[in-house]
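Handing you this structure, nothing more for now.
Residue numbering begins at 1 within each chain, and the chains themselves are lettered A, B, C and D in the order written.
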């Protein structure tokens, strides 16, 4: 009875939302969207928001990857919040899995193929992750995917070597330093230009590695942070205690 | 000139800093947290003074809204932010009582909870609001289970389930709004909400209403409340009642007034408020466990605030905001006192607490807090309740107010029962330590001050009419 | 019907089946793996929808990390749902 | 005098006193006393210096100092002064807290009397209400809750009344209610709510169940509660019926023999209260309970006067309220003095104390004369005015009920007098001393007006006339020693001359023929030694009467309330089942709630 009820409920909710989404003009021409309105200056621009991002994004931020431009620069504050969310998740898991006495994991050696393979792959995966977040402003990807990839490389090591564990203190410190970098970059913007998270470094030439001002700095910080946080979560779940 | 963004940047800075400091000394981290919340409260106070003249817009990243994110602080937001940070500071003193490891992480989570709630109040961007909602709720999930006992984990699990469903609804609502209007700035949304397709609009509204209703403890979305408040560490229960709940209800008010100005819907909000009051107060009467009783009472109080918002006249919304402030102070006080009583009686049952409040350092603040929650003058709770009631009358909600008053009598009954037990002659009187009685006395003084001389608060709340009509 | 549509329909079918399996099966380990499969398919779909960055993230987090975390969780509790 | 002076002296000064006296330890009542005395002096100085003012503390408080306020303040000030004076020598535990709360209650009372807008009325009303609650909590926790519940009930009745007015006028000012925008059918609701609300404080049946228990607390406080604060109920009803609504509106509901149809039921309720209160008082053995029921009964008389609403009735009601303030406070203090010295509450455990505590006896005697309406005191005049007011209009139910209640008052007065002060002295009370000087002084202060106003009722009738004319009613016809009504009136000069003559005759007889004093145990008992309890005159006092009334006494308002509340509390447990504790259910609630919100939102769009 309960199952039927739950199912009906789920289907009803699905229909309700599907109907709503059906009314949304996905894939329509940009110019059909309403022009944005600046509530502070009380004036309407002659462009819709996505149109503005695509047209002026490169000038505004110096990044060639528009997703990055929006994520780190236009809406960098949200990203700071999301980084905090991840930080919270890792801290929360860390505080909940915490036990005073250290418990040793049950050790069972994995076979040689896995061990050698992971040894081989580890460096490449890390390199790939680093590449993703360092080139975040140029190519698809950025701090979050990069960090996740790095964490998955550590996961590989956890799976291959039962005795492996990342040192918790170092993880914490790198996580904190990365977070601090983000906040300090924001505060520097506030000091230099009067806007929090202002892109105060020179933009440089588009498509060059050293371009787009603070975006690469922030993305590196995010990459390090996400990597160490996700590793920390895995570590906490593996049962190796600080 | 105080920039609102500092209220968010500083706690973040200190939260990220604390693991590094924690390597040297765990004690320092606790004092760092007290310092950070004190700094925040001061900044919020200064911000409040500034906001008096005109709403403050803090543009992030130098992009004009709606391109970038903007923090939008009107007088009402500023005062709620101030109260949140002030109470957070006071509770952080009580945090010194928490001994359980890992204390550094606890402190960080607490600071981020404060930051998230403050951000929810200050932000002027819908998606940013969601981000802060997430920060707040994820911090809450971990803190709710911090005791690491069965009660804590069960409560946190319920909170996670319901909270994440609520967040999902919020996100869906935001998606719908963005895909229709291509903007996330609240004022921008407010300016063009009329052009939305009615069906999409109503679904978006309902989603946001429901999602923020979870944080605002609206019936029937408040089912997590008793378990979480009961299972969480004592300072955290106090913080839950004062910080995220207030931020949630402020967000709800923003959705109702600033963004949608959906006046037809208001009477339904009143009914939901009344139901919340009813379920909160009536069930609180049946509780034997002190923290659960306070949790249900909290639901009742939040219902009252929702009612005030729903009535929607200037007087009633003024009352609702006043009540938010009073409830933040009063419930924090009561939960801290409850923490002491539980510690002294070594039990969380009310009947075991005979005479535990006979020490005046606890007893008098406890009495003041309870009376304030009951809405007695000259304490903070009086004006809020009175204004909400009068606002209700001026709109002609006679029957609803009468029912509400009936529920209020039940509230008085269970508080009186509780007071009677804790002031009865008991076996021994335990003296509280400084970390307990300093916050209690600070909160009691605030409650009395606001109650005796409400002029400053009412001066801020004068701007409520601008809020209702969709301004900041 | 072009190839893109056919492939994506197949993938969506696999995704839905994996989701149903994850929700219904009593063996929690299998459920975790099924949800990993779902994440993988989703990440392919993201790639096909021209969101490579999201695809990488989904693959790393959804398919690898969260599955691992779930499996660790199951390891320290019970494997079978009551 | 400006707004701040008025506010400062009558509101802020007691508040400051409340704060200071908390830290006064043993001397707290003295500190409180000083503050009360200062307000009292200003009350005296400012007589005639009337006016209305606005104080802005964020909300605007409209305060008016006029003769009505002054008249009621006079009572309350005197009563709290003597109560605190009494408290100086009564060894209270935590005297600081006691004095603080007394002063808070006093502040609330002053505020209620001064306020001419509903917000400040409600504010001060609640302040007074909860400080009394905490005072009761100090000694009898269980019953404090009952008081608080009824206190809050009264506040909520008042809120309902205020709210309906606010709906029509959009203002909290009393005078705006008069402007005629409120239709008369709304007035019915308003007045019923307001009268019930204020009636709780006057302990009108069936809203009286808190009183017997609340009046069992510490005596100095109870004397203030019964003597002083219950008059706020009188004030409130008087104001709401005759000042806020006015006679015109009352009469627009139709009249019954010249009395408004809205007022008449309340007059009847008052008469029933007087009757039932008195009957219940007769059967009490606990002195505190006896006085409590007697207080309920006496305030019933006042309610009759307020309900009838003729000038004579209102004058009688105000006069009786005034007298009640003094004699009931005096009685509670007298009882307090006896309890302080003996430590006993039961009348049947005392006796013969008149020999040991002659002054207390004398003061209580006067209070009892006042209570029973014996011509020696002003209590007689006020009661007589009320009888006449009822008889004048030929109310065949109200008048007899009041008369019977008056006879009942004699019965229980006699029980106090005989049970405590006369009869044989107990062995254990042989060493009881007279009450300490501050207590005697306190009682003396209260006794004096009773005596003076019985000789010259004109003084007080002058003030009452001012109050009536200030409210816009017809004054009473009076001279210094006499008042006149359509069916007679009373002349106190004649009474006093007659009394003096009789008194001297009695004294002469007493001196000429001394009675023989007999020991309590100097009796004949047919060889069986009875217990001393059975020998006491107050043992099973009025048992035959009680047996007659037994079938009626088994119906109790108390039990009705208990049943009522039990029914609801059971319901609460049923409602609780919604919170099942199962997260799956909770998630389902969310989904269902979404759909319901959506449907309603769609409908409202």
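Just a few scattered comments:
By definition in this document, a contact is a pair of C-beta atoms (placed from the backbone, for glycine too) under 8 Å apart; a residue touches a chain by one contact, two chains touch by 3 or more.
Worth saying up front: this structure is predicted, and the values here are computed from it rather than measured.
Placing every chain at the mean of its C-alpha atoms, the farthest one from subunit C is found to be D.
A count of C-beta contacts for the chain pairs A-B and A-C puts A-B on top. Taking the mean of each chain's C-alpha atoms as its centre, the chain lying closest to the overall protein C-alpha centroid is B. Taking each chain's centre as the average of its CA atoms, subunit C and subunit D sit 76 Å apart.
Averaged Cα coordinates give subunit A a centre that lies 30 Å from the centre of subunit B. Put simply, the C-alpha centre of subunit B and that of subunit C have 38 angstrom between them.
Each chain gets one centre point, the mean of its Cα atoms, and the points for subunit A and subunit C are 20 Å apart. Among the residues of subunit D, those in touch with two or more other chains are 592, 594, 598.
Counting partner chains per residue, subunit A shows two or more touched chains at residues 16.
With touch defined as above, residues shared between interfaces to two or more other chains in subunit B number as follows: 199, 203.
Listed in rising order, the residues of subunit A touching subunit B in the complex are 16-17, 19-21, 23-26, 33-34, 36-41, 48-50, 52-53, 60, 73-78, 80-82, 84-85, 87-89, 91-96, 98, 100, 169, 172-173, 175-177, 179-180, 183-184, 186-187, 189-190, 193, 195-199. For subunit C in complex with subunit A, the touching residues are 51-54, 56-57, 60-61, 64-65, 68-69, 72-73, 76. Residue ranges of subunit B in contact with subunit A, taken from their complex: 3, 5-6, 9, 12-13, 15-20, 22-23, 57-70, 101-102, 105-106, 108-109, 112, 115-116, 119, 125, 127-128, 131-132, 134-135, 138-139, 141-142, 145-146, 148, 172, 176, 179-183, 185, 187-188, 191-192, 195, 197, 199-200, 203-204. Considering their complex, residues 157-158, 161-162, 165-166, 169, 198-199, 201-203, 205-207, 209-210, 213-214, 220-221, 223-224, 226-227, 262, 264-265, 268, 278-279, 282-283, 285-286, 367, 371, 374-378, 382-383, 386, 389-390, 392-394, 396, 398, 401-402, 405, 408-410, 412-413, 416-417, 419-421, 423-424, 452-459 of subunit B touch subunit D. Listed in rising order, the residues of subunit A touching subunit C in the complex are 67, 132, 140-142, 144-145, 148-149, 151-152, 155, 158-159, 230, 233-234, 237-239.
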